[in-house]
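Next come two complexes built around chain A: one with chain B, the other with chain C.
Here is the complex of A and B:
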């Protein structure tokens, strides 16, 4: 898993490439925790280049979404397609997280 | 039939090696990317469950993983010496809970059951 950080105005965009499984999920968890503790933080997680995500990854995303809610931060996922979308659907997560179709839509959605 | 077999210890650090073995097999036999992803997710779920729940001591245990490829079928066999537990008998998880109440308990086996064509459990 590679994490690449971009910014667009006051929005932080974290792009994930590769896989989120039990080996890589802890690294993502630490990164999201660090990002979402600041109130008013606006974070977009771009999953366009994500290969797959296992339940260990969903656990990290759930915790991040809860933390965002508690901290008053905004946390939106985008570009959930193909196999990754199938896994979100199987796990019942498509309606649980805020998900935008593209990075541009997500940047608008976090405001 | 092409068969690849490996043994790992019940340590999280060893799981990445299993992923690499699946990727090597997939590369050699030009397997469909989605199918390979399904196998890697299923293996991550099964092995994570074994690491988390199968052992009552802190000793090193061996887990054997065998991947068999035959025409259109990939068979994955995982064998451990942990306490008996039939994951196929697990109740499906509640997928309707809100963000606050949602847990991922049971989600791993839910993925395995839905991503694989057939899942069986056996004791010697």
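Here is the complex of A and C:
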């Protein structure tokens, strides 16, 4: 898994490339925790280049969403397409997260 | 079945009467152009003008019967789709040969043989499915698309005509084709639905203005009687064993083309189309065979599903099977009105070329989509690539094939026949050595996730499996291995066995250790977040949901999970 961070104004964009499984999920979890502890923090998670996400990855996303809510931060996913979208649907996660079609829409939605 | 956005009236819909009638007319015009084929054969057989009128009348009745048989939904006959039929180039070469050697009696006798053979083939499609895979059905559609486009080009450029290429023909083509495209792309409603018919009428007018369609050209229309009752009686049937091969090849080509056309019908009517439905296809091929057998009984040549008409239905977004019954009714009426048939038969070349180009675009792209609906490894790439190259050479270098011995020539009678036979032979050949069951051993200490993905990619392509099924199987394999390694402390290697036939993909994962939990119910979000046990239950739930069937066994310290995926 590769993580790439960009910013757009006050929004942090984290692009994930590759696989989120039980080996890589802890690394992502730490990064998200660090990003979502500050109140008013706005984070977009771009999943356009994500190839695979297992139950370990979904758990990390659920924990991140809870942490964001507790800290008063905003957290939006974007570009959830193809087989990764099927996995979100399969696990019942499509309605649990705020998901935008593109990075631009996500930046608008996170405000 | 989910209706695609571009389909205005789907297969089950009942369009308004006006739409039904005008759509019927569009198809009738496109289908009736092929009346030239029985006309050609009847002349070659040396029939008197009165008898030729009978052949044309009977031919129109058969053109009406075909779509009705195809549209049937009850019983073994019919694909259930608007899939019109007309006379086919596949039967034209052997029919001309039969007309020369044995007259019309031999033509109709051998046509009856071809129809019965195709009807028999339709009953064996399920066991033959590995030898007639979807990518070859798609390949046939692509070749037909290229053939239609190429035929259109001949008409537009005036190849083989005294006038040759001239600006009047090009202008009429541009006006006719331009009208069809503009109405199809930039309009909605009736104008889009009737774009082909409007384009043809505009083409006739443009041809008249350009002097291509003259008063003299209308003489066959004037000469034809107002009313004529076609006689079904003819000079009997005869059979020649030597012609069994060319007619057999024609029946096989007709069968494969019908498979491709019906697959296209399924695809254009269903946004969620994933695989050809064999019952509908075998019913359609049976309808095709019965229509050809009836043609032989009644005194004309063999028919086939009309790819350009299927393309037209997709292009206009009107695919209601009601249209098929209207087409049937219109042809019954037209069979008694020779003037109408004559009007279609004199369609100016550039207008015919424009119509063929218009339909060929949709046929070609639909064929490509069917080919790529399967994963293709190098073997399948050779099957499609070489089949296409060999088949196309018939059109590119016809003189080369005309020097072949007489017994072999029927196999090279058209790019469709030679290309299809080449692809079928290569497919059968390349099946040798492809193992239906493969095993992979995974070392839990190494956690090589890429090996799992590579294994499934390689096998999926070798088997020609559907991409979506392989993606699901790859997920189940990756997720189960991940969970087994993390929570079951397996001793020794984890063994994966993947087996495939055209209908099933089965994965067997076995290891020494306790079994995985595979719950029916999704754990709550709180459960998932609370502990890794909740995460494992989520994994088990997803594994169970993603496969079509799951079995878990635990015996003598060894666990086995069986994942089944319908294909």
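Remarks
The rule is simple: the second predicted complex is superposed on the first by the 111 of 111 C-alpha atoms of A that agree within 3 Å, B and C clash if a C-alpha of one lies under 4 Å from a C-alpha of the other, contacts with A are read in each partner's own complex, and residues count from 1 in each chain.
Here is the rule we go by: contacts are C-beta pairs under 8 Å (C-beta built on N, C-alpha and C of every residue); 3 or more make two chains touch, one makes a residue touch a chain.
None of the values given here were measured: they were computed from a predicted structure.
After superposition onto chain A, partners chain B and chain C are found to clash with each other.
Shared-chain residue A:91: touches chain B and chain C both.
Applying the stated contact rule after C-alpha superposition, one finds that A:83 touches each of chain B and chain C.
Applying the stated contact rule after C-alpha superposition, one finds that A:69 touches chain B and leaves chain C untouched.
By the touch criterion stated above, A:22 is placed in contact with chain B and with chain C alike. Of the two partner chains placed by superposition, chain B and chain C are both touched by A:58.
Shared contact residues of chain A, touching chain B in one structure and chain C in the other: 19, 21-23, 52, 54-56, 58-59, 62, 66, 83, 87, 90-92, 96.
For chain B in complex with chain A, the residues that touch the partner chain are 12, 15-16, 19, 33-34, 37-38, 40-41, 44-45, 47-48, 95-96, 98-100, 102-104, 107-108, 110-111, 114-115.
Taken in their complex, chain A has these residues touching chain B: 19, 21-23, 51-56, 58-59, 62, 65-66, 69, 82-83, 87, 90-92, 96-97. Within the complex formed with chain A, the chain C residues making contact are 447, 449, 471-472, 475, 478-479, 482-483, 486, 522, 525, 528-529, 534-536, 538-539, 541-542, 545-546. Residue ranges on chain A touching chain C, taken from their complex, read 19, 21-23, 52, 54-56, 58-59, 62-63, 66, 83, 86-87, 90-92, 96.
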